[in-house]
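Chain naming follows the written order as A, B and C, and within any one chain the residues start at number 1.
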C-alpha cells in the first residue's frame, strides 16, 4: 500500500513536468510581456532594463528552470488586473468552487444512482426509455445553455431563485443543478450499463439461491460491484466537472476559481492564468489519486504490487 | 419404491418456456420425477437438453424471458409454483439450496467468504452476528477449509477453484437443507479436486440425511453418486431407472449412445463412439420422437409420433416406441 | 476489386477487407433502418450538413445586416412577430434563423476538422507505439497518460490566453489536446492486430514495416476510429459553443451559436428567443450526432453487441 502510494506519487513527476513545460512554452511563444507592463510611451532603455530585470534575455532553458524554481516557491507573479500576487488570489476563490462542486456532485449522485439502478431493473420498459432518453439529452445539451434556460424559467419568469451571485443556499440551487445534471447524465448511463452486466453474473444467482430478497440483491450484492466501473470513470467525470465549473460559474457569476480563470484568459492576465491552471491541475491529480484508492478499496481483487 | 412414503420432492409435468424475440422456446417440456428423503438422483444429458433450466425452475430462479408455464413442484406436499416470492425466499438456501457450475464466478468478489456464509445463516436462522460467524466457521471446517478462522475474512479471489466450491457447499449446507441441487458441481475443476468435492458432498449428505439432485453430463459421476438416474433429451425425460439397471440394461437408444461414448479401460478402442448429430435447438425441434434424426434404430413411426413414457422391464421408464409395453405417462 | 495476392494469408486479409467493403454498400441502409435512433440521427446530421453547405442560399436574410427598424422582433407566431422573421430578430435587428443557419458552418468546421487533426496525430502515434513497442511505446504512453491526467480544457485555455482565437486556432488547439484518446485506443487495437496471422505472415515474407502498417494495420483500425471520432465531433461542438459563449472562441463578427447566446444573454429578461433557439440548434445537432455515433458503434464494434 505504502509502496503503491509512493509509486503513484513518483508517476506524477513526468505529468507535472509536461504541464509546466507546455505552459512555459506557450507563454514564451506569446512574446514580450514588457509592452503590456510598461506605459506605451516608455523608452527603449526602460524596456531593456525591465527585460533584464525579468530575466527575459537569458537562454530558453535557463528561463524554464528559473520559472520552475519560482513555481516551487509559490511565486506565479503578479496579476495585472488586481495588482496582487496571483497565487493567493487563486486560493481565495477555492472555497466557492469547492462548495459548487460538492453540491453538484451531490445532485449528480442523488439523481444518477436511483435512476441508473431503476432503469437497469426495468430494462426496456417505458420508464427505462424515458431515463436513457433523458440522459442522452443531458449529454447533448450544453451546460451553459441549460443554466441560461433555468435562469429564464426559474429566476426570470418565476422568481424563485436569484439570477446570480453567491451567498445563501438559494444561490447555490441553480448552479448546482446546472453542473450536476451534466455529470448525472453520464453517470446514469454508466450505472445502468454496469448494473445490467452485473445482474447477469453468477454471484447474483448465488445470492438469490440463498434466499436474499430482490432489494438486498440489488443494493448489497449488485450495487457495490457496479460502483467499480463507475469510480474508474470518475477521472473523466472530473474533466467534465472542471470544464462545466468554468462555464457554470461564469453563467451564474459565481465567484469561484472558474470565473476567475475565464476572466484572466479574456484579459490575458497570464500570472493568474498560470496560477489557476496549476492549482486546478494539482487538484485534479489529487482527486484522481483518491478515486484510485477508493477503487482499490471497493475491489478486493486488486493488489498493490 | 415399495414403501408408500411421500417423496420429498415430486415434480409433475414441469414446463418452462423462454419467450424470446424469435419465438417461444420450450426448454423444459413436461418433466416429471421425484426425489425421496436421503436419495441422490442424477439428471444426465448433453448441454442444451434442459437439465439446468429444470434445476433453476425448482428454485424459481428462472429469469426473464423464461417462465414456468405449467406443472407442479411438490416439496413436502406443498406446490412451490404457487408460493409467493416472499414464501419462496424462505425455502431458498434454507430447505432447498443450490451449488453451481462455476465456483470462480459464483461468489461475490467484493465480500469476504465468511460474510457470504453468515449472510445465508442469518437470513434463515434466528441468530446474531457472532453466532452466525461461529456457525460459518464450523461450516468452513466441515467442508475442509484449512485455517477456517483466518479464511473467514478472505476474499474469494484468494482461493482456488476447488476451495471456492467448498465454500459454495458450506453456504449451501449452512442451513441444513433437505434438498441440495448441484448443477455440474465439478465440471470446472481438476480431476483430483473433483473426487474430493464429490466425496465431501457424499459424506455431508449422509451425515445430514440431505437429498441431492446432481445435474451433470458426466455418467461416471452419476455412477458414483446417484441412486437413481434421469436421462433428459430436448427438454423431456427419455429414460429413468435406478443406477444399476440403467447402466446394466440401458433401454433408450440415446442412453445407450451416452454409455457407449464413455471410455472403458478393458476395451481398447482406437476411437470413442459418439452419437451422430447435435442436440436440436429447442426452438426447432423435429416432429415425432425428438431423438429420431440421430437414432440408428428409428422406425417409420418415430418420425411422426412422439412416444409417451413407457413402463419397461427392470423398472425402467422409457420414451421410445421400441419399448412400447405399458403407457405410464405423457 | 483489386486483390494483390502474395500469400494465402495475405490474400485472406485483403479479401476480408474487400468483401466487407463490397457487401457493406447494401448492408448500410438496411442496418440503418433497423435502428430508430440511428435513422433519426442520420437524418439530423444529413440536414445539418446540407444546411451548412448551402447556408448562403438557404438563409432568408443577410445574417450580418443590422436592421435597426426591426430590432428584437419576436418569433412569427407571437404577437408582434412577422412572417419575414420566423424565429424573430436580435438586438441589432438581425434575423435569428439566418444566423442559426450560418452558425452551422462554424460548428461543423471546428467539430469535424479538429477531430481530423486529433485523429491524424493520434492514429500516427498510436500505430507507432503499438507496432514498435518497447521504449518508443513507453515514452509515448507516458506522454499520453500525462495529457489524460489533466482536463484538456486547461491546455485549451492557456493557448487561448496566448493566441488570438480564430477558427483555425480553435481547430488546431482542440485537435492537439484531443489526440490522446485516439492514440490510446489505436495502440490497444494495434497490439492485438499485430499478433494476427496475416500480419505475421506478411512479416515473415519480409514486407517492410511501413507497408504493413499502411496496408494491414491501418484498415483494421478505421472502424474504431470512426466510432470515437463521431462521438468526439459531438463533444467538440459543445466545447466550441462553450468557448465562444465565454468569449474565448469564435469572435464576432464571425457567426457562431455560442456567440449568439452571449449576445442574447443580456436580453434574457425581456426577449427569450435570442437565447432559446441557438441552444436548441446545438442540442438537436449534438443529439443527432450522438444517435448516429451510438448506432455506428453498435454496428461496427462487435464488442458492444448484446451489451445494450
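Worth pointing out:
One rule holds for everything that comes next: contacts are C-beta pairs under 8 Å (C-beta built on N, C-alpha and C of every residue); 3 or more make two chains touch, one makes a residue touch a chain.
Quantities reported herein were computed from a predicted structural model and do not represent experimental measurements.
Common neighbours of chain A and chain B under the contact rule above are absent. Ranked by number of C-beta pairs in contact, the top chain pair is A-C.
Remark: chain A and chain B have CA centroids separated by 53 Å (rounded to whole angstrom). Chain centres here are Cα averages; for chain A and chain C they lie 23 Å apart.
Averaged Cα coordinates give chain B a centre that lies 54 Å from the centre of chain C. In chain A, there is no position where the chain touches two or more neighbouring chains simultaneously.
Within the complex formed with chain B, the residues of chain A that make contact are 201-203, 205-214, 221, 224-225, 228, 298-301. On the side of chain A, the complex with chain C involves touching residues 11-12, 14-15, 17-19, 22-23, 26-27, 29-30, 136-137, 139-145, 148-149, 151-152, 156, 193, 196-197, 235, 238-239, 242-243, 246-247, 250, 261-262, 264-266, 268, 270, 273-274, 277, 280-281, 284-285, 288.
Listed in rising order, the residues of chain C touching chain A in the complex are 142-143, 145-155, 157-163, 234, 238-239, 241-242, 245-248, 258, 261, 265, 268-269, 272, 275-276, 279, 282-284, 286-287, 290-291, 307.
Taken together, the chain B residues at the contact with chain A in this complex read 59, 61, 85, 89-94, 97-98, 100, 102, 105-111, 119-120, 123-124, 155, 157, 168, 171.
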